[in-house]
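As written, the chain order gives the labels A, B and C, with residue 1 at the start of each chain.
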């Protein structure tokens, strides 16, 4: 039934490879419908706003340049952020990996005496699998973002980085809320459902003195942290509690406060198809009398520095998590996010996840793309995702091709053989001739092939293949030449006909 | 040496190793060919601001400077609400008329109110730092006339007074205003420590992409635009 | 006009083997337009399949071969967007990483002389009306490489609009990938098929007799499903439409 309680695995170390993970989703008609509907809505809104923004391309160019400048001098900008944030009364911590980030955050929570924490939606916390870790340590984490509540109460997993519960429809939400909030008479009208969530959370906001957030941007120049949201739960979490912990990947920093004028214009339009999202908040360290007085930032590496050093791949870190790429992706449209086996799905997930795992896991993701390039066109920071996908494919292949498992894999064998065949014209021609003979065995009377073995079976599962013609093009050409056809003579006869556009006789 | 400091060292070392070599262009060389300043007339900008606010279902009332107090009174009276909270620095002219005219009106100034006291308020009145016409955005820097962040967050109803002279067309123009006028690169001390950009009441589209207004944060946003 | 122009046809490995009628059509069409067509017998493959599956060294050896083969060609015409995109988008990186300075020089000199078919007709020959006659309802499918990598824009439409007797029916969701993606079609065969089904809905929904494109790769995928499902539609490469005249109508195979 529901895609919410089926337990997709979003740990790249444990998730099945993409083709296997996608198959059950393809059979989930409800989920495919929900996903298509959601992305069509965002795409339409985005398209309208991008069309009206006459300087859209110039903004993209500036944003890519701002991010590239940041990444090229990342050490310096992070140190500047740390210095300014600390001077403003914040505490900055550095976490080399997920385990360390979790440890640091738990230590801060213990010191604050917290056994409950309210959370603003953050994919980074999901990346480090924070919630189960806190739970095991006796700290209950309450999600406050509507989508995250739906997933937390329904024990589901996010399938999109901006609209994480887009695979869930209203009837499914109603069922979850009615059951877990004790509201048997709840209707499935979105207004009523939202009201239920509002009431459920109000007390939590007012009572829980500790909050955890992510960050959309860290401003090096001022030590400021910016969060972009719609619902107001962010404002609640970053204003009311006493202790606040912000977890941020090291790539979230931008050099200057002014740089936000570019990023904010691009983010809202790309992510939700709005000129500006309802609430964007920026705060700097601790401000006496206003907001949390105990503020910590945890800077997370967790594989990002390994991406930084690679010429082609560095641009992966420009990402501002807008999800425009997955909204436009024709693959994501059919599979939704869970098939990617990561909290980062879609095109960005296909390049980010394997790299964060340093290519030890998620090796199937760079292949989970038809390389159509739609993502690159919409990316507000101009990440050339297809280029990175192809490079990652080369790195994964280099890793695997000499292992026993892959050396004898039919596809790998076929590609090595094909390379030999393409290296000499006579070999190519011989292979075509041999292929023609072999194909006769599988060609039906209608001249088409309906079933192929091995790798080919995945083709003929849903498609026929036209049988090999009796003559290749080059054989036809050779025949034509030896038939003594005078090229120049016949050509001039036809020039007159074609150039004037007159109908031929 | 604590493990945390070790990580700081190792992370920075990894970053330095990864970014050694070819230096980037430099921050000053970032191409900024996007629109920084708009070219709308004052009245067109004003109109655009109102239009965009109304698109978000914010209620907008316009008035002349001498009519501000009356406009505030009218909006407060129409709200049917009586318990308000306000930042300590709003001009007296804003509220004396209303206090006189509206029966039962209670306006508490935030001199360090407890959260549960603010939770009792039915509405809040603030000024703002800037308005951005292009996106219908109101920007609060939480100065004396705008108040602590909590008071414009908890009450369900927010009246914001915006002067036309505070309204710019584009977002980059707002960022220009943040620098001390005429003096660029004064250093980060000049930049705001707290900013809230408000573009309409809170909303969610998490359930089947149906936009629902008002989740947390004030569900009702009223703007009085003073044509100064 | 351009009667003295010579063009070297790079037929592509899969067209040579599976769709020779497309090659024949290109020859017929270009000769009709006064172009002298040559065909270098040593040609095999551009290396795209290997590049996209992570066999970079192998892709490079094929790229090297191709650049050497066409070093002195006046113009290279290719009836396949994806192969031209391979040369423009991926060859630079391959030659940079695996080649030497001499090869890079040869490649840079060759690249401006490589043309996708519709580019050759419109940009090089300056022709939109190629004197074609094809009295059928046709819908045009924009392959992703043609659309995004080559930015062919309205070239295909400008050509099709001048084909006498042809009724062009627009395709909904024109910029959505058909799901072929090379080896993606078998490595991720299920997802590829789901994308195909969704695409076919739009294609068959046009009610056209033919679906045409500038790439037989997409057409092999779409046409393969049309045939499997007994759909009332066939695929045909645009070269065959453009070569078609009243006196010698297009070869429609399959």
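Observations
Just so we're on the same page, a contact is a pair of C-beta atoms (placed from the backbone, for glycine too) under 8 Å apart; a residue touches a chain by one contact, two chains touch by 3 or more.
Bear in mind the structure is a predicted one, so any value in this text is a computation, not a measurement.
Comparing the centres of all chains, each the average of its CA atoms, the largest separation from chain C belongs to B. Among the chains, the centre nearest to the mean of all shown protein C-alpha atoms is found for A. Centre-to-centre, using mean CA coordinates, chain A is 32 Å away from chain B. If you average the Cα atoms of chain B and of chain C, the two centres end up 54 Å apart.
Interface residues of chain A, counted against chain C in their complex, comprise 18-19, 22-23, 26, 312, 330-331, 333-335, 367-374, 376-377, 387, 390, 393-398, 401, 411, 415-416, 418-419, 421-425, 428, 432, 435, 447-448, 450, 455-456, 458-459, 461-466, 468-469, 471-478, 487-488, 490-492, 494-495, 497-499, 501-505. The touching residues of chain C, counted against chain A in their complex, run 1, 3, 11, 13, 15-24, 27, 31-37, 39, 41-45, 47, 49-56, 58, 61-62, 65, 89-90, 93, 127, 129-131, 133, 144-145, 148-149, 162, 164, 175-177, 179-196, 198, 220-221, 223-225, 227-228, 245-247, 253-254. Of all residues in chain A, those touching chain B in their complex are 34, 37-38, 41-42, 54-55, 58-59, 61-62, 65-66, 68-69, 71-75, 78-79, 84, 88, 93-96, 100, 104, 144-147, 150, 163-166, 168-170, 173, 190-191, 193-194, 197-198, 201-202, 205-206, 221-224, 230-233, 235-236, 239-240, 250, 255-258, 260-262, 264-265, 272, 274-285, 287, 289-291, 299, 301, 305-306, 308-309. Listing the residues of chain B that touch chain A in their complex gives 3-4, 7-8, 10-12, 14-19, 22-27, 29-35, 52, 56, 112, 115-116, 119, 132, 134-137, 142, 148-150, 153, 171-172, 174-175, 178, 188, 191-210, 212, 214-217.
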